[in-house]
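Shared chain: chain A. Partners: chain B in the first complex, chain C in the second.
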Partner chain A sequence: MFARAVWLILRKDLTVEVRSGEIAYTTLFFAVSCILMFSFALVREGRGPEDGAAGLLWIAIVFAGTLALGRTFERERQSETLRALLMAPAARPAVYVGKLLGIVALLAGVEIVLVPLVALLFQARGMLDHPFWLAAILVSGTIGFASVGTLFAAMLIRARSRDVLLPVLLYPVIVPVMIAGVRGTAALLQPAVDTAILQFWLALTVTFDVVFVTLALWTFEPVMTD
Partner chain B sequence: MPKWFMPAAAVCGVMFAVSPLIIANAPYEATMGLVQKIFYYHMPSAWMFLTAAIVCGVASVRFLATGNLRSDRTAWAAAELAVLFGLLTLVTGPLWARKSWGVWWVWDARVTSTLVGWMIAWAYLILRRYGGPGSEKLAAGLALFGAANVPFIYISVNYWRTIHPPTTVVPTLVVDMGFPLMWCVATFLLLFIVLMKLRVRIEEQRARLDAIHLALDA
Partner chain C sequence: MSLDFDQLAVEDVSRHFGRRRALSRVTFRAGRGAILGLLGPNGAGKSTMLAMLATLLKPTTGVIRYGTLDPGSHGPSLRARIGILGHDLFLYPELTARENLVFFAGLYRSADAGRDAAQALERAGLADRSDDPVSSFSRGMRQRVALERALIHQPRLALLDEPFTGLDDASAAALVARLRALRDGGAIVILATHDLDLAEGLLDQVVFLRDGRMVDAVARPEALRSTYRSVMGRQ
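== the complex of A and B ==
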């Protein structure tokens, strides 16, 4: 029942996205322009800042993710479908998980484009040499970011000045995940990759994922009730 | 105001006035000398900062679970106190670090997570101020994540390699240093309670005033 509700919400979001492409294209374009801005500002004589690629990749993901989160819920608000979604005979946590998976899927798509771009522009080929480690760190970090982001974006839907408030509330909370994600990705760029360090940062992001998703599942019900 | 409030405020004032004398009489720490004395204000403010974050988180959980407005006011007051004591911690910390570590700021786990916790308290207040109607529930959700940060701050010095002294320092202090520390902790705790009571009281009076206004309009 729960899984079915999650699947229906996820499928609804993906269908809307496949038909309009609105959030996917705007988010992707925004993320790519972020990376280009970084490279105009930071790359000198073909060389980016030492160790900077990991940080820039994550900043672009977080900025683009913030945009996508705002739009996903703004769309529900504009078409008055949020009320319908909340009135549907599905558990509230299922609505949350469905939305979360939608955002994670979208950001994963953005990351597939961003990673080669960053690797190319910032001479960070090391990222592509260990695709499984990179994927694990990106996925767990993205889940950590999106789990809090989905909750906050949903909460803020009825608040005044929500566009500004989303990053104001979200960024301090996700700093630990961001640090772990950046450090884990930076570890991949070292000449000799130290698996112990990678495991440590990956374990940290997974820990935060568990804490954040648990808290968000519990909080979603009371904060979304009028 | 309850009967205990004025005496408590007076005792707190006297304890603050006396604390410099007690700190001055404490022995000098062997390697850091005079500058170590900032510790007697730094650590109590850090403890009160963490206490405020926990109080805010627990009150927010209560508010989310029961809808009790009293818990909501407590959470709001605690968030303001977290900003205040966080500021004291983050000002005294670098002053001490400049002399003992040689730098103003280090991005180690504890310093970073304290700053992050402080920013979450600010975000809470910004949300309450500009979020419009209904923001109290959203703020409660945020406070929950802020409180989840607390154990992370506390254990961070013990688990991560860091230059910040570990928490095990406190029980091993010599009596001459332990007494001034406990004196300052008691002073800051009293200040915390007095300010908290005052702040909750202001909100209660404001709510009563609003209720009276509504009753007059009806």
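== the complex of A and C ==
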């Protein structure tokens, strides 16, 4: 039943998003605008700051992800549908996992657009030469970000100042994931890629993912019951 | 596994939100085949009571028992036997009526969610609008879909918060008939409403709440409006 509930919630979120396009368009527009502005400000004679592309890519992902988290749960708040999900006869962490996968899928779509854009504007084509490593770092970093973000966004659903509180609470917690994501992506931009360094940063993000997802699954039910 | 129960017992239940006391020492019981009304003015604690019965809130003190079951150890199985229609409708406006009902039927482990949704749409009188998004419906039509969503898994305990909101006379009469059918089918129906005219003759028990306190409980009430005035007029 857990897997079925996760699948139903994920499919429902994607159906709603395909129909409205609200979060995908706003998130994508915001992320692309962010990258374009950084490129106008930082790229000189076709070259950006060394390793800057990695940091700017993750800034755009995190800011766009924060926007997506807020809107996703705002949608559940407007008709109080989160309460209906919590009433379902599935373990309540299934609701968390369904929402988490929806956010990850959305951010994966944004990243598919952002990565070639960053590579093009910042002359960072090196990251495209190692698609497996890049995908592994992006996926693990995105899961790390979204796992904490989904829990916090769900917790804050009834808070009046939730839009302000979400980044204030979220960003300090995800700093380790962001550092690992940025350094792992930057390692791909070196002329000679050191796989040992890549493995280190990837192992770090995967470790954070396991810790954050486990903690979120453990705390979701008591946090959402009251 | 879905567990069943015959009786709902609320024992000395209080609920505080910080320093605010939403409910204080409420006690009542309801058995299968009964409609219990929670009546009281705004802010009396009716919605808080329903949220606790739905396992969405924990009592600060006191116990709620579903037969011999408690929500702490039987959460998912117990929720499979509870349906709730809240003041908000718990529907996704971007989805069609059919998609909403199929989604919730699936969550409630329906073996054939499509068939259950189609039957629910027939009962709601909305079969011809089933593929329209809920956002295009009037309040009354949404209320009818929401009621079917709450009852799509044939719950033992049906919790209804102001179910007559937005319904025209014919729909309200159909809802009254539906509630009687639920009672005859052995459900425990808890109804919070301000509409005393529609509730007249429907309720088997009434619990009167005011300012979070249980003022009185009456079995088989007659002349509901005058009883309400009399009970609420007491100091």
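FYI, the second predicted complex is superposed on the first by the 226 of 226 C-alpha atoms of A that agree within 3 Å, B and C clash if a C-alpha of one lies under 4 Å from a C-alpha of the other, contacts with A are read in each partner's own complex, and residues count from 1 in each chain.
The definition used in the following text is that a contact is a pair of C-beta atoms (placed from the backbone, for glycine too) under 8 Å apart; a residue touches a chain by one contact, two chains touch by 3 or more.
Computed from a predicted structure; not experimentally measured.
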Which superposed partner A:Pro89 touches (first chain B, second chain C, both, neither): second
Touched partner set for A:Leu215, first chain B, second chain C, both or neither: first
Which of chain B and chain C A:Ser33 touches, first, second, both or neither: neither
Chain B versus chain C as contact partner of A:Glu80, first or second or both or neither: second
Touched partner set for A:Met1, first chain B, second chain C, both or neither: second
Partner chain in contact with A:Val148 - chain B first, chain C second, else both or neither: first
Chain B and chain C contact sites that coincide on chain A, given as residue numbers: none
Chain A residues touching chain B - in the complex, by the definition given at the top: 148, 151-152, 155-156, 158-161, 165, 168-169, 171-173, 175-176, 179, 211-212, 215, 219, 222-223
Touching residues on chain B, where the partner in the complex is chain A: 64-65, 112-113, 116, 119-120, 122-123, 126-127, 130-132, 134-135, 137-138, 140-142, 144-146, 148-149, 152
Residues of chain A defined as touching chain C within the complex: 1, 4-5, 8, 12, 15-16, 19-20, 79-81, 83-92, 221, 225-226
Chain A partner contacts - residues on chain C that touch it in the complex: 2, 54-58, 75-80, 82, 84, 86, 88-95, 99, 103-104, 106-109, 133, 149
